[in-house]
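The block underneath contains the structure these notes are about, expressed in structure tokens.
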Amino acid sequence: MELTVYLAGQIHDNWREEAAMKAAERNLPLSFVSPQTNHDRSDNIGEDILGKQPTKLHKDDVASDINNFRTQVLMQKSDIVIALFGEKYKQWNTAMDASTAIALNKPTIIIRPESLIHPLKELSNKANVTVETVDQALEVISYIFE
Amino acid sequence: MELTVYLAGQIHDNWREEAAMKAAERNLPLSFVSPQTNHDRSDNIGEDILGKQPTKLHKDDVASDINNFRTQVLMQKSDIVIALFGEKYKQWNTAMDASTAIALNKPTIIIRPESLIHPLKELSNKANVTVETVDQALEVISYIFE
Amino acid sequence: MELTVYLAGQIHDNWREEAAMKAAERNLPLSFVSPQTNHDRSDNIGEDILGKQPTKLHKDDVASDINNFRTQVLMQKSDIVIALFGEKYKQWNTAMDASTAIALNKPTIIIRPESLIHPLKELSNKANVTVETVDQALEVISYIFE
Amino acid sequence: MELTVYLAGQIHDNWREEAAMKAAERNLPLSFVSPQTNHDRSDNIGEDILGKQPTKLHKDDVASDINNFRTQVLMQKSDIVIALFGEKYKQWNTAMDASTAIALNKPTIIIRPESLIHPLKELSNKANVTVETVDQALEVISYIFE
Amino acid sequence: MELTVYLAGQIHDNWREEAAMKAAERNLPLSFVSPQTNHDRSDNIGEDILGKQPTKLHKDDVASDINNFRTQVLMQKSDIVIALFGEKYKQWNTAMDASTAIALNKPTIIIRPESLIHPLKELSNKANVTVETVDQALEVISYIFE
Amino acid sequence: MELTVYLAGQIHDNWREEAAMKAAERNLPLSFVSPQTNHDRSDNIGEDILGKQPTKLHKDDVASDINNFRTQVLMQKSDIVIALFGEKYKQWNTAMDASTAIALNKPTIIIRPESLIHPLKELSNKANVTVETVDQALEVISYIFE
Amino acid sequence: MELTVYLAGQIHDNWREEAAMKAAERNLPLSFVSPQTNHDRSDNIGEDILGKQPTKLHKDDVASDINNFRTQVLMQKSDIVIALFGEKYKQWNTAMDASTAIALNKPTIIIRPESLIHPLKELSNKANVTVETVDQALEVISYIFE
Amino acid sequence: MELTVYLAGQIHDNWREEAAMKAAERNLPLSFVSPQTNHDRSDNIGEDILGKQPTKLHKDDVASDINNFRTQVLMQKSDIVIALFGEKYKQWNTAMDASTAIALNKPTIIIRPESLIHPLKELSNKANVTVETVDQALEVISYIFE
């Protein structure tokens, strides 16, 4: 049984590569999908395809059309969603992806540092499992295969 | 036709009372529901009902059980969701409520200041309408009755 | 048993008033809802609420945000959808509303002139009933109450 | 990850072949499905199978039975829907397919010339992405695989 | 708590009036809806509204458009479906209505004579309850209010 | 806003009357529905309506047809489900009702004594809130109206 | 693209083998599934597994448990449903299977002789396509692959 | 056609291995999935991953987070659910898994000893089939492939 895992969350460090490597070390039969992790490409994708937009708002709007399209395709193909929150940035996309996954009955794991317990308490409460590290998230998934 | 509107968002000023008053002035046939807006009560509701918990995490977890219960009951009764974002606070609950509403096909309006265009771009893109003020949100709803 | 009927279709003549009057004459317990029928208001509603937009495309986009919001609220409240096609105009909104209604299992009646049999054949085929006049559509609804 | 793409839209030029060729040039792992593109066969399929019908309306009705059957089978197998509008023809089938796809949560791209911005504004607004050329649509899909 | 009950089944005797009278005698807070019970009207409704059709098949097809429209509206308004089978007639509409109700999670009661146990065994097995008389069906519903 | 509450659970003491009385004292706008609480009537309802059955298994089967019919009607009418577990009896119906409610997205409260924490841990974890007394359950519901 | 086709209908002649052979001759990439076609086995399967039952009704009930289980598994795996009606027998299972398939949005073809046009008119009207022979049904499916 | 079968139920003997062996002997194309069957690991999994918890209740709560995550992933991948009840233990998880499966339209078989007929009567009534032994359950599944 192969499972596809959507990795929602910030795109400012290489936690996804880390997750993939650690899954490979454990021989977990997982394939990972994710949002665009090249931040500039993600911000510019609308203008890259549709050309210069009149304002920043409109540049953002066409970019988000295409980012949301990508997320919808990939999340529909996924069996599990992991959403990682860090201490920086607004990360409303991460909250959006996790909430959407939960509403669609996708089994969902949240990773967040101890410092974010309070502001994430309602979302954590709706997710299946909340952990603090990528390793713990992989242990949770690994438990499926025991 | 009476409509019920769920008002998601921060609970640090009286924007909900303002919305209700302005709706009354316009004679809109709306009733408003919302999360608990007494911040302390919202944080303490778990311990208020279930007694002292061993750690802050566990206090937060029982509070969020009951806050999420309330939100689920009221959102299921609502025809429209308005989600207001401000410049302070994490507001992940607001993102969670808006995303859940969208996933459940509830018509959804986002209110956010210009400064938050960029971090909210994907969520705005999935909502029906994004505006900057409570007045504009009410104008949008008022348009249903024209 | 009161039924709510959404009247999708062109907004260039007063067919909705005619339908309402004829329903009243037959004492049918119906209430009618519809898209914005003031064409200018429908085109301008985005700028009326959100202010001047940089291009026609963007003016159209904010208008359609709010028109779609209105339609979603009202169609969710409806028990029946009537979609009227005439010989002029593109009327893709009418096709969109009828198709959405059918996909959501709303009982749907199409009204179209004989001249449009061929281009509407697949949509007619998916609707419950296709007729040629408003009177016939009301006879169909009236049959529910016999 | 292989994706299946339904190509809704007019059947009067070879845009589907063009799309398939361009996807192959980009090495995109896509397979394309579509409505019957032989116009005469599409119009006659009812009579071809069920025999001569008494009127044009009835010929059209049996043809659309079978065209709708084909579309329903293939759209249910698809991960993505592209709907192309051109300047000629009524194209209500295209609007019907795009609207149905959106109502079923299929990620949807609309291709339309600049001249159709206004009449398609509400449908564009509900689709994930709207572009002007087949190339742009493929760039959007290609972005999923980056 | 008022409940609406859809009465599917043959239209060749007055079992629906009997059911309504007996429910009234028991003071059950029920309102009953049903298909058209005037057999000729049911067969002719298509031609009554749309005019003479070229063949019997086409007369039947337009009649069933409108009969199915009526059933869909009324069944969506119902809390309970009762489907009565008798010894005569094909009664495939009754089987269709009961099966549709079950697929839509409508609580469903089948009434059938002992002689039909065998041919109805799979459908009985999927319904909530199978009884032999209208009185028994009302006792089942009456049990809700104890 | 009136809410309907389904009270699942054992029928060996008068906890439902207690809940209704306490809700009335708090002026909560609730109406309560429940399974048949007369144990003998619940066991005999099948034979009461359908007559003597050949074995105990068949007596139980016809009774459960009608008990499940009642539960399905009433749970579909409910906004909230409370499921109470006590120390005696198998109570698999209670687990079944709570699990069904959760799967249908009905907001659900479990009441159970401390001694049952361990065997109910997975079900508690899926419910919205778990408390130990009827009073606490009413406080949770009461919180909706603050 | 391989498609799975559920063949509902009478089990008194070898029409399923005929369909499979004709599909093979046309090189259609179809696999066929169906109810138990050995009539005695279908009637006895309950007693074959669970032992002698006290009455014919109970024998039928355990048989239908297992026949319905089989149908539910196989229909959920199917992309298309064909339901064949003949002139003999009640065939309520065929009507049940076709109606269930339609309610679940499975593309559905009905095969029936001309003599059954009238009693099947409402069910035919809800199916995608109605034909008179197995060959025609295969031509309809074959059209998907043109 | 390969089918995946989720084996819900007690984890105190090796009935799952027995089921797998017997399925292999019959050459049934089945793969089996199940909850964690190592009882200690199941109780400790929360603390194994997340560390020591302050109380037994909290230890149980984190364990059930992860057990429920596993069950949700595997049940969504399953075509059939078998739920086995024995004479010992509360087995509310088994009732929960069976009820969830039924609510999600998963074809479901219950295995229970004769002694549990009465307390399981409502759940048995909602499942597709109830048998007394693992062999009988496999005969039921085997019937799909005849």
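For reference, chains read A, B, C, D, E, F, G and H in written order, and residue numbers begin at 1 within each chain.
Criterion: a contact is a pair of C-beta atoms (placed from the backbone, for glycine too) under 8 Å apart; a residue touches a chain by one contact, two chains touch by 3 or more.
Note that the structure is a prediction, hence the values are computed from the model and not measured.
J.: Spelling it out: a chain qualifies if it touches chain F and also touches chain H; which chains qualify?
T.: Chains in contact with chain F as well as chain H: B, G.
J.: Quick check: how many Å separate the C-alpha centres of chain C and chain H?
T.: Chain centres of chain C and chain H, defined by C-alpha means, are spaced 50 Å apart.
J.: Where the CA atoms of chain A average out and where those of chain C average out, how many Å apart are those spots?
T.: Using C-alpha averages as centres, the distance is 39 Å.
J.: Using the average of all C-alpha atoms in each chain as its centre, how far is it in Å between chain A and chain H?
T.: 31
J.: If you look at chain H, which of its residues touch at least two other chains?
T.: 65, 68
J.: Judged by the touch rule stated earlier, which pairs of chains are there in contact?
T.: According to the stated criterion, the contacting chain pairs are A-B, A-C, A-D, A-H, B-C, B-F, B-H, C-D, C-E, D-E, D-G, E-F, E-G, F-G, F-H, G-H.
J.: What residues of chain G sit close enough to touch chain D in their complex?
T.: Per the stated touch rule, the residues are 1, 3, 79-80, 105, 107, 109, 128-131, 136, 139-140, 143-144, 146.
J.: Which residues of chain D touch chain G in their complex?
T.: Residue list for chain D touching chain G: 31, 33, 36, 38, 41, 45, 48-50, 65-66, 68-70, 72-74, 76-77.
J.: Applying the document's contact rule, which stretches of chain C touch chain A when the two form their complex?
T.: Checking each residue of chain C against chain A gives 54-55, 58.
J.: In their shared complex, at which residues does chain G touch chain E?
T.: It comes out as residues 56-57, 60-61, 63-65, 67-68, 71, 89-93, 95-96, 98-100, 102-104, 116-126.
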